Amino acid sequence: MSTTLLTGPDVAAHSTRESCWIIVHGKVYDVTDFLDEHPGGSKIILKYAGKDATEAYEPIHPPDAITTNLPLEKHLGAIDASTVAKVVKEVTEEEKHRQAMMDARPPLENIINMHDFEIVAKAVLPEKAWAYYSSGSDDEITIRENRTAYQRVWFRPRILRDVSKVDWSCEILGVKSSLPVYISATALGKLGHPDGELCLTRAAANHNVIQMIATLASCSFDEIMNAGAPGQQFFLQLYVNGDREITKKYVQHAEKRGVKGLFITVDAPQLGRREKDMRMKAVDDDAGAEVQKGQNVKKDEGVARAISSFIDPSLSWKDIPWFKQITKMPIILKGIATAEDAVLAYEYGVQGIVLSNHGGRQLDTARSGLEILIEVTDALKARGYFPDPKFEIYVDGGVRRASDVLKAIALGAKAVGVGRPFLYAFCSYGQAGVERAIQILRDEFEMNMRLLGARTISELVPEMVDASSLRAHTVMTPADNLFNITYQPLTVAKFKESKL
Amino acid sequence: MSTTLLTGPDVAAHSTRESCWIIVHGKVYDVTDFLDEHPGGSKIILKYAGKDATEAYEPIHPPDAITTNLPLEKHLGAIDASTVAKVVKEVTEEEKHRQAMMDARPPLENIINMHDFEIVAKAVLPEKAWAYYSSGSDDEITIRENRTAYQRVWFRPRILRDVSKVDWSCEILGVKSSLPVYISATALGKLGHPDGELCLTRAAANHNVIQMIATLASCSFDEIMNAGAPGQQFFLQLYVNGDREITKKYVQHAEKRGVKGLFITVDAPQLGRREKDMRMKAVDDDAGAEVQKGQNVKKDEGVARAISSFIDPSLSWKDIPWFKQITKMPIILKGIATAEDAVLAYEYGVQGIVLSNHGGRQLDTARSGLEILIEVTDALKARGYFPDPKFEIYVDGGVRRASDVLKAIALGAKAVGVGRPFLYAFCSYGQAGVERAIQILRDEFEMNMRLLGARTISELVPEMVDASSLRAHTVMTPADNLFNITYQPLTVAKFKESKL
Amino acid sequence: MSTTLLTGPDVAAHSTRESCWIIVHGKVYDVTDFLDEHPGGSKIILKYAGKDATEAYEPIHPPDAITTNLPLEKHLGAIDASTVAKVVKEVTEEEKHRQAMMDARPPLENIINMHDFEIVAKAVLPEKAWAYYSSGSDDEITIRENRTAYQRVWFRPRILRDVSKVDWSCEILGVKSSLPVYISATALGKLGHPDGELCLTRAAANHNVIQMIATLASCSFDEIMNAGAPGQQFFLQLYVNGDREITKKYVQHAEKRGVKGLFITVDAPQLGRREKDMRMKAVDDDAGAEVQKGQNVKKDEGVARAISSFIDPSLSWKDIPWFKQITKMPIILKGIATAEDAVLAYEYGVQGIVLSNHGGRQLDTARSGLEILIEVTDALKARGYFPDPKFEIYVDGGVRRASDVLKAIALGAKAVGVGRPFLYAFCSYGQAGVERAIQILRDEFEMNMRLLGARTISELVPEMVDASSLRAHTVMTPADNLFNITYQPLTVAKFKESKL
Amino acid sequence: MSTTLLTGPDVAAHSTRESCWIIVHGKVYDVTDFLDEHPGGSKIILKYAGKDATEAYEPIHPPDAITTNLPLEKHLGAIDASTVAKVVKEVTEEEKHRQAMMDARPPLENIINMHDFEIVAKAVLPEKAWAYYSSGSDDEITIRENRTAYQRVWFRPRILRDVSKVDWSCEILGVKSSLPVYISATALGKLGHPDGELCLTRAAANHNVIQMIATLASCSFDEIMNAGAPGQQFFLQLYVNGDREITKKYVQHAEKRGVKGLFITVDAPQLGRREKDMRMKAVDDDAGAEVQKGQNVKKDEGVARAISSFIDPSLSWKDIPWFKQITKMPIILKGIATAEDAVLAYEYGVQGIVLSNHGGRQLDTARSGLEILIEVTDALKARGYFPDPKFEIYVDGGVRRASDVLKAIALGAKAVGVGRPFLYAFCSYGQAGVERAIQILRDEFEMNMRLLGARTISELVPEMVDASSLRAHTVMTPADNLFNITYQPLTVAKFKESKL
C-alpha cells in the first residue's frame, strides 16, 4: 500500500472512465479497472470520479469492502484533507422535511407498540431507505400475509392458575435469552442510522437478547463483535458465496469469534423483484443497494435482477455435509417453506430450521412461516422427529406483538425472529428505540402469559390456540358495485344543530 | 378522628412531598406517607397537595375509599370552607364543546337502538372517560369480534305458530327477571354521569332487571344497595383481593345485604394494555383510572401494567372451596374461555359460568363468548353435565340487539350480560336513558320472538339458529392493490344536467 | 247515505277532537268516533279536521277504505267543491328538488339494468316513500344478504349445444308466463306514482307476466282486476285478518274474479322494526304507512310496532284446513324459512311455498330464500316429496338479473318473485318503466340461457351451478388498523407532468 | 370492377338512404342496398353518405371487408382525391387531452409490470376503445374473479436445489415457444393503435412467442401472416360462421398458410351484454364494434344483442367431426368451463382445450379458468385421459404475472393465454410495449422459477401449490354499519406540531 500523501487536484485529474480515482475514508483508490466489476454498476462510481465518495460509500458497504476487493497496487495513498475542495452541500427540501419530522417525533415514552416505530421510521427515513427496508416482492401479498396470518389464530386462555410469577425467558440453541425472540438479520442498517447495526448490538447487550448478524450488514462482522459486551451472544446469517473458500474463511472466523449458530439463508438463490425499490430507481442509479455488497456481478439488461456470486444459486442439499465439516457451530437452514424440506433438513442432520419467506421479499404468494409451522410439526411428528431437543424450529415474519410470539410457540416454535420492528426502532430512536421495543415486548409477554394462564414457555401448548382458520386463504368475490351504489346505509340518530 | 376545624392556609402550608395534606369532601387528610402506596401514583396526588382534591377524587373512588385506607390519625379534621380560596375554574374549550353537544343530543324518543346511545355518549363524554370506557386491549380485535360473532349466526325461524302471546321473562339463579338479560358490571360510572351506577339501580328497579354491582363501581356497594327499591335484586361482581380477609368481609357483607349471586372475575389476573386509554396519558397522569380503586400497588416502570393487590394473580382453582365455605350465595365464575375450564367449573361445584373475554379488555384475539358457548355445551353434554338446572351458563360481550340475546339462548345460554350499552345510556341520558334502553330491548324481544315462532324462552332451541359459520375466523388475503387501481368500477345510468 | 250537499264552512266548523269532519274524494265524513281506532293514529287525521284530506288519504288507502270502515250514518254527504277554500299549496324545496330530478331522469332507453331503476327512484321519490319502500328491519343485514347470496352461486355452463332457439317461458301454478318470474306483492304503490299498482297491471298485460296483488295495495283489488286485459292472470297475496269472516269474504271474492293462486303471508305475525322508516318519523306522524291500511289497531307506546288485526298473530297450521275449505284456489304459503316448515307445508297439502324473508323487512339475519332452497329440496327429496308437479317452490328477494333467476331455477325453484325492481321501475317511469324492466329481463334470459347451454327451463339442472359456498356466512375478523395505517400500498408507474 | 375516376361532387350527390355512396381507401362504393345488412346498423354508414368514410372504417374492419362483402357491381371506381373537399377536422377536447396524456406517458423503462401498461392504456385510449377493450359482461364479477382466483393459490417453494440454470421455454402443440405463454386473440386492435395487431406480430417474431390471430382482428389474416418473420408460428382463433362454406374456406386458407393450431371459440353463441360498452352508446351509434366485423345481422330492438351469422348459435358437438374432416390442423376448443365438457372434448378426439370464460365478457359469474382446471384434471385423471401428450390443456383470463402462469402449469396446464396485457402494451407503446411486456415476463419467470426450486417446466408439479382455497367463493355478510359508525379505530403515536 502506498504511503504517498495526495492532494485534491491530483485526484480531480482522474475523473473519467479512462482514469478514475476516488477518495474513501481519507484514502485514494484507483478504481478504473474495477468500474465494470462493481456490483452496483459503474455509473454510481463515475458520479464521484475524482472526488470524495465516502458519504455515498458508507451506508452500503462495510468499511473493509474496498480494501478487501481492490488489489493493493490500486491503493494510492492518503489524501491531504486540506487540499480537497469542500463541497458546499445543499440541504435538499426532502432533507429539510425529514429533519423537521425528526424534531417532531413523538417522545419515546409515547411509543407503546411496534407499529409506532414503523410510522416514525416512515416519516424520518430518506425515501430510498424506506423503500428498501419496507418493500416486498411483486404485489407484496406475502409481506402482508405474514402479518394477517397471526389474526387467523385465536387464543384459548386457561383461567384460575396461579400466575403471580410468569417467566418468558428461554434457551435458543442452548443460549439463554430473556425473550423467546431473537433479533433477525436485516441488511444495510446505516441507510437508516449512522451507527447502523451497532444500535442493535448495544441494546441487545443490555437486555440479554441474541442478535443475528447479517452478511449484508453495513457494519462489518468484526465491528459488531467488537462492540459486544462481555458474554454477549450472537448468531450469524450467511449468504453462501459462489467461491466456497470465501465462505469457509468467513464461517470459521465467526466460529472462532464465538458465534453460537450459523443460519444459512436458503430462500434467496436470486433476489426478488421489489417494485417499491425499483420505482425509486434504486436499480438504475444504484443497481440495487443490496447487490453492492457483493462482488463480481454480471449486470443483466434493464430491470433484471442481478445474481451476485455471493448468493450462489447452485447451493443445494449436497453442500450440507461440507458445512458440517468446516464448522462445529450448530447449522440452521433459514427459509424452509414446506414440510418436505423440513423433513429433509432433519434427515440431513442440521440443528434447526427457520420457517420463513424472507420477510416477504422473495417469492410472492409464498405462505407465512406461521402457516407452514402446522404442516411441519405434523410431518415431523408423523416420523417421530418432533419434539426433539436437538432440532429447533423458528418462525419469522410479521411479528408485531408478544401475543404473536406466544401463538408460534404454542404451535411448536422454539423462538421467533423479529427483524423490521427492531430496524425501525433504531432508525427512529437509535439504541434507545431498540431498548424501548424490547421493554414493550417484555411488558406484553408478562401480561399475555398471565392472561393465557401460562407460567412458563413450556406451558404454551397447542391447545391454547385455535388455528383451525390458519390455512384459509380468503379472497373476496369481486364487489357488486351496482348494488353497493344503490344501497343506502343505515345511520344513527341525528343530533340537533349545535350552537358550536 | 380529629374534630379540629382547619383553614385553607393551614392546608396550603402542606403542599410538598415531605408534607402533603389534601381536602376531600370537606375533610383534611395527611397523605404524606400514603403517597408511594397510592395505586394511581403519587404524581396525581401531589397535583392537589395543599388543595381541595374532591373533584378529581370523586369519579374514580367510592366515597369511603380514603376513610377506609388511611389510618385514623391521618384524618386531620374538617375544613372551614370559607377559608379555602375559591379556584376560579376555567371552562375549557373541550368542556364547552361537550356541553354544546349535550344540548344538541337527539331527543330521547329518537333513540331507537343501542348504537344510538353509544354515538351520543361518544359526543358528550369527556375524552378520557370515553377512552376508558370504550377501549379494548392491544389491537382491539376481540372487542370488535364480540360484535361480529353474532353476525355469523343466522336464524331459522318457524312459521304458523300462534304467537299472539309471547313471553321473554325468565329466572336467573332463581331470581325473576323481566328480560333474559342482566346489567353486567362496568367500572367508574361517575366518569360519565354524576349519579354513576345509581342510574342503573333506579332504572332496573322500574323494569325488574337485575343489576350486577361492580367491585370498582364509583358508588360504594352500600350506596347502591340503599338506592334499591323494596324487593330489588342484585348480583355482585368480585375482584379477589390478595388479602383474603378483605374479600371475605366484602363477600359476607354482600350476602347479608341480600345479594343473590357472586360473580368472581377469573379473567383478570392483570389488567390488559388498553392503548386508547394509554394514548390519553391515563397511565402517566392517573396511573390507569381502574387501578386507583385498589391499594398497595407497586408502580412498575414506564407503561407496564400495575398489578393491584385487589386483583390477586395467584387466584386459582384451589380457592374455590374456600369461597364455598365463606358464603352460601351461588358462585359464578366470570370469564371462562374454554370447554376445559367449563368442565372444571362444573366439577368444582359452582353454580354457573359466564363465557366472556371481559368486554375485549384483557387478552386480545381471545374468542367471543358466543363462540365459546358451542364448545362448552358440547363438552358438558358429552359428560352428562348439560343441561343441568343447577348449573347456568351466561354469555356477555358485544350484545346490541334482542336478536343477539335470542341467538345465545338458542345455543344454550340461560341469560346474557349487557354492560356498555347501559353504561352509554346513562352517560347520555341518565336513568331515563337506561329505561329507554330496556324498553327498546323489550320491543325487540317481542317482535323477534314472534317472528322466530318462539313463544317462551324454552322454545328457543338450537335448531332455530344456523351457527355453522361461527367458528370461522376469516381474514382477507391482502388486497391486490395494482389490480384494484387499474379496474374501473361499473356505474349506474347518468342523469342529465339538472337545473338545480 | 245522506245525499245532502255540504259546504266548506259546514265542514270547517267541525275541526276538533270533539267533532271531527273530513272531506275525502268529494264526500264528507264524520270521523270523530273513529279517531282512536285509526290504525295510523288520530294525530294525522286531526291535521285535516274540517278540511279536505284527499291528498293525504289517497296514496295509502284503497279508495273504498273509508266507505268500508265507517258506518253509513257517518257518511254525511257530498261537498260543494266551490265552497271549499282553495288551499294555496306551497311547493316545498324538497318537492322542487324532486321535480328537477324527475326532469333530469336518464332517458328510458339508457336504463339497462334493474339497478338503474332503483337509482332513479331514489332520486325522484319523496323521502318518506323511499324510506318506506327501501327499508329493511334492524341492521338491514338480511335485505342485503338477499342480494349477496346470489354471488355465492356460480355457473357451470355447458358448451356446444345448439342454442339457436332458447325458450324461457314457463307455467306457474298452471298459468302460462312469458318469464319464470312473477311480479311479487309490494304495498302502497301510490306513494311512488299516482297510478299505483295499475302501472304493473298494464305492463304485465302487454308482456304476459303474472301480477300478484297485495292486500295492502294502494289500488283496491277490484280496481286492479278491472284494469286487467282480457285473459290476464293474477295471484293474490293475503294478510289473514283476525276476523276470519273478512278474510273469507275477501278470498272468495278473489276466487270469483278469477285469481289463480292464493299466497298466504306466513312470516309477518308482527311487522318488523324498520329503522329507516322510523327515522323518517313515519311512526310518529303516520303510525307506519302500512298499518294504516288495516283497522282496529291498538296503538302501543313509543316506537313499538302496532299489531293490526288484519295481521293475525294467532294464525297457525290449524288454519290451513279452513282455507282449503273456503277456496278451491291453489294455496301457497309465502314466507317459509326452513326445511322443517317446507315438509309440514307439503304434508298439509298446500300447492306451493315461497321461500322468502319478506324482502328483508321482518326478521333480520334470517337467511335468503336462495340459501333455504338447498335445504328444502334436500329434505323434500329425502321424503320422496320432490320433485312433485303438484307442489311448486318459489323464491323471492334480492333478484336483479335474469342470471339470478336461472340460479334459483337450477336449484329447484319453479319461478321467482320480483318485487322492488318493478316497483322502482314504475315509480321512475310509470308503466313504460315496468315494460322496459321486463324487456331487459327478457334480453338477459335470452343471452344467459344461450351462454349456459340451456334451451328450455327444464334444461336448467343443479349441475349447472356450483352452490358449494352458498351456506357460508363470512364475517371478517376485525381489521388490524395499526398495520393498515403503517402499510404503504404499491402504486403504478408515474406519468410525467402533463401540459394540461 | 369499374375503373372510372370519380369526383367528390359525384359522390356527394349520393348522400341519402335512397342512394348512398361512400369512399373507402380511395375507392367509391354504392352501399345503398347494403345499408340494412350492415351489422353495425345503417345509421353509422349514413353519417358518411356522400363522403370519405375511411377513417371510421379503418379501425373496425379488416381492409378487405368491404371488397369481400359488396358485389363487384357496387364497386364504382377510384376517387380523384383532389376533388374531395378536405374536411378540416376539429381536434376535440377529449382528443387534446388524450394527446397530452400520450406525451406524458411514463418512459417505457419505468414500466415494470403488466398493470402499468393498463394504467397507461386507460389514459391514452379513446374512451370508446377503452370501454370496448376493458368491459366485461353484466356486473363484471367474472372479469375480476379471473384475477382474484390466482390469489387463492399459494406457493409451496422447494429450497436447496441447484437453480443456477432455469429454463421456462416449452412446446405448445409441438411448436417451440420461449415462454409457456401465447398471445391470445383480442379483437379490433386498430381502435387502440394504427398498426393494430401487427404490433403483436412483430414483437412475437423477435421473442419467439406464438400469436393467436383473431377472426375479428382489425388487420386481415393475410396482412398479419405476411408481416410474420421467416419461421414465425401462429394459431388461429375461429368464430364459426352460419355459412359453413365461408368457415371452410377460411380454415383451409389458414392451414395452407401454415397456421399450427385452430382454436374454435365455443363460449360465444351470443355476445354478452357489456354495460360499460353499452353506456358508451356503442350500441346505438355503432351497433357494438365487434358486430361490425360480421355480416348479415338482424338488428334486434333496443339494446338486445345482435347475433351475427359469423357466430353461429347452432354450433354443436356434431360439428366436430366435420372440422376434423376439413383440416389437419390440431383442433382446440376455446371456452370449456366444466369437467363434463372437457371429458367430451377428449372423447371427440380434439387436440386440446382452453379453460376460459372469454375474458369475463360472456356469462357473468362463470368461474375462472384456473378454478375449472382442478376439476378438469381430476375428471380426466379418473378416466385415464390425463396426462396425455396428445391432449393439451390451456387456461386464459386474468394473468398478470409469471407467477400466475406457474400456478396454472403446476396444476396441469400446458401453457397460458395472455390477451389484454399485450393489447394494452401496444395501445400504449406499440411494438416496443409488447417487447417490454415479454421481457418483464421473462425476468419474472427466471426469478420465480429459481425461488420455487423448479428448473424446468416439467418440475412444476401440483405439490408446489396449495390450491385448497381455490374453490371458495367468499362473499361478505353485509356490513354492520351502525357498529362500524360507532367504533373508533385505534391510531398510532402522534407527532408533535412540525415546523414545516
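Remarks
Order of writing sets the labels: A, B, C and D. Residues in every chain begin at 1.
The working rule: contacts are C-beta pairs under 8 Å (C-beta built on N, C-alpha and C of every residue); 3 or more make two chains touch, one makes a residue touch a chain.
All values derive from a computational prediction rather than experimental measurement.
Simply put, subunit B must spin 180° to overlay its Cα atoms on subunit D, rounded in steps of 5.
By the residue-number overlap criterion, the interface of subunit C with subunit D counts as different, with under half of its numbers used by both chains.
One simple way to say how far apart two chains are is to compare their mean CA positions; for subunit B and subunit D this gives 61 Å. Per-chain Cα centroids separate subunit B from subunit C by 43 Å. Annotation for subunit A: residues touching 2 or more other chains are 110, 112-113, 115, 119, 139-141, 144, 148, 151-152, 275, 279, 472-477, 480-482, 485-486, 490-494.
Of all the residues in subunit C, the ones that touch subunit A in their complex are 113, 115, 118-119, 122, 134, 139-140, 144, 147-148, 151-152, 275-276, 279, 400, 474, 477, 480, 482-483, 485-488, 490-491, 493-494.
Taken together, the subunit A residues at the contact with subunit B in this complex read 109-110, 112-113, 139-141, 144-145, 148-164, 401, 403, 439-440, 443-444, 446-448, 450-452, 463, 466, 468-469, 472-476, 479, 481-482, 485-486, 492-500. By the touch criterion given at the top, residues 96-97, 100-101, 103-106, 110-112, 115-116, 119-120, 123, 138-139, 141, 266-267, 269-270, 272-273, 275, 278-279, 284, 302-305, 312-317, 319-320, 333, 335-338, 340-341, 344, 362-367, 471-478, 480-482, 489-492 of subunit C touch subunit B in their complex.
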